[in-house]
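Shared between the two complexes below is subunit A, which has subunit B as its partner in the first and subunit C in the second.
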Partner chain A sequence: MSEIKIDDTVDITDVVCPVTFVKAKVALEELDEGQILSIRMNDGEPVQNVPRSIKEEGHQILKLDDNEDGTYTLYVKKVED
Partner chain B sequence: MADYAALKKGGFMRQKQKNNFSLRIRVVGGHLDAKQLAKVAEVSEKYGEGYVHLTSRQGVEIPFIKLDQIDEVKAALAEGDVVPGVCGPRVRTITACQGSAICPSGCINTYALAEELDERYFGRELPHKFKFGVTGCQNNCLKAEENDVGIKGGIKVAWQEEKCIQCGVCVKACREGAITLEDGKISVDSSKCNFCGRCTKACPTDAYDNTHGYIVSFGGIFGNHINKGKTVIPFIEDHEKLLKVCDAAINFFEKNANAGERLKFTIDRVGEDKFNKEILEAYENE
Partner chain C sequence: MAFTNEQLERYSRHIILKEVGAKGQKKLLNSSVLIIGAGGLGSPAALYLAAAGVGTIGIADADEVDLSNLQRQIIHATKDVGKPKVLSAKESMEAINPDVTVKTYQTFVDSETIMDLIKDYDFIIDGTDNFPAKFLINDACVMAKKPFSHAGILRFQGQLMTYVPGEGPCYRCVFKDPPPKDAVPTCKQAGVIGAMGGVIGSLQAMEAIKYILGVGDLLTGYLLTYDALTMEFRKIKLPQHVKSCPVCGEHPTITELIDYEQAECDGVL
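Then we have the complex of A and B:
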């Protein structure tokens, strides 16, 4: 999966719900259609809920990596409305 | 002498204050439209004390209605399509959360089901009160298990390998630990799955086939005694079977209950095995 070219990265491990999703959403807004954002998030509630919220916004989820340090990285391709 | 039982049946609840009644409005699934609300407001100002009370089961009551104005109040409410509710030994307000029509978490159309149950059962005379509640998903905002019959929406999932990108989002979305991803294949442990639907709602490629259905609990009560309703059939897919099972529960209650006895205590007295058998028979009969 090393072929994923990341355009920007955001770390949401320093915030809690619902700011987790808001921070990811703001980062996605900075991107152009088709660009890829990697989002680092904590295990537990963020990884349970943030991917679904991003799907509901209409973006395309490519992959979820377990960083094996209690965090996960989600790769998202921006889709405009 | 006023016929208090008749008034109670018609939704007029006797107050401490002599000749004053708190008028219960018929509400289905927690919805009232603007026209109804406007009329309720008008009636509360003209005939009550200018306020309403929202009950614990999504009802609306207009307190301080005077005994000698009851017919006038009923006529006024009817102009706004507002009908009095019921109290006493019969099927009460069918409650519902907003369900899949509005809520992203909803697995079933709770309001449509509440309307259907209301049409089928509301006000039916029984040995004691009988409550239905409909909640859209495992979040259980409507507290299904505190009702005599509680209905909870769920989704049964089946993984579709060809659509899956093995991202692992569903594995983490599942709160029951039912999903594992190994060697590019997803497996769902049906003994752990609680039909919450979080996996399929989170899946980026919609790689799950969804079957929407109902988790039905019986014998819930949340007053002087507290008991959580119990499920007999884990998941009911078919809408007609759901109605048959509801019919069976209410018929069992009508046939077996003593006056003033809630379903939970009828089941305890007559026997859980016997009750479960009647429910299963209704479910299995074509």
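Then we have the complex of A and C:
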């Protein structure tokens, strides 16, 4: 997979459910259609739930990287309704 | 304006909603609502709007908290008896949500004061307990082109409707004039279940929130009635445009605000 060009980054490792998803959702709202957000999140509950919730909102999940430090980075392409 | 993590947490159940999101929450934070009457209807309305993060809330009431108010006016506590209602209400709202600016008006709302009171607000909530005030609020909102929520409660019954300028009938289209004195008992004489204020005042807060967000359908052109004893809600369709309405009709005869004589009620709502 070629390198993903990121438009914005948000770190949700400083909050807990459900604010993890809320913080990611707010960051996505700031982007334009087609732009890409990278989201750094903790292992466990966030990585299990946040990608699924974002997918349910209609956005496109591009990739999930294991940072091998207990965190993951999710790459999401914004899709407007 | 970016949200703090604390705000994201506080408003998370709003922001998660597709119909609200960050944009909707910002609309709420930038909006202003005036509540006339800090009583049975105004209490739940004020508490929910403060909790929702409506950025500026005005509250108008001339009275002080009375022990007999506490059965239904849940924004006030026993320790507040004797305190101006607007002050007690402000303290409760600010305790719930420090994001909210509360403006207090310890004044009777009459033809002299109302236009100045409503002019800076996006939406008005009529939480008053008497017909002169209800007609005054209607006429002033029609003249100032302000949306408002009307409501009334008595015994086990409640009703509400929403007026939006140009989008349906006003209160006077439906109820032409105040009823004759003593034709309708005040709730001091007749009583009211406290939770009725909770049901109807919460619906008024919901109408204000939907208006600010611009989502869903408002109670414009409808009167919603609630009978707690039969547990029936009725949504009654109203005439969409009453040409002969003396205030919002084609040839208005009411062009100045009227102070009707008020039957004794002592702010019992």
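In the analysis below, the second predicted complex is superposed on the first by the 79 of 81 C-alpha atoms of A that agree within 3 Å, B and C clash if a C-alpha of one lies under 4 Å from a C-alpha of the other, contacts with A are read in each partner's own complex, and residues count from 1 in each chain.
In the analysis below, a contact is a pair of C-beta atoms (placed from the backbone, for glycine too) under 8 Å apart; a residue touches a chain by one contact, two chains touch by 3 or more.
Worth saying up front: this structure is predicted, and the values here are computed from it rather than measured.
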When subunit B and subunit C are modelled together on subunit A, clash or fit: fit
After the two structures are overlaid on chain A, angle v-u-w for subunit B, subunit A, subunit C in degrees (C-alpha centres, nearest 10): 70
More subunit A residues in contact [subunit B versus subunit C]: B
Which superposed partner A:Asp14 touches (first subunit B, second subunit C, both, neither): second
Contacts of A:Lys25 with subunit B and subunit C, given as first, second, both or neither: second
First, second, both or neither for A:Gln60, with subunit B first and subunit C second: first
Minimum C-alpha spacing, chains overlaid - subunit B and subunit C, in Å: 5
Contacting residues of subunit A [partner subunit B, same complex]: 43, 47-49, 51-52, 55-56, 60-64, 66, 72, 74
Complex contacts: residues of subunit C adjacent to subunit A: 3, 5, 8-9, 11-13, 15-16, 18, 21-23
Subunit A - residues contacting subunit C, complex: 14-15, 18-19, 21-23, 25-26, 29-30, 57
In the complex, subunit B residues that touch subunit A: 104, 165, 167-169, 172-173, 175, 198, 201-204
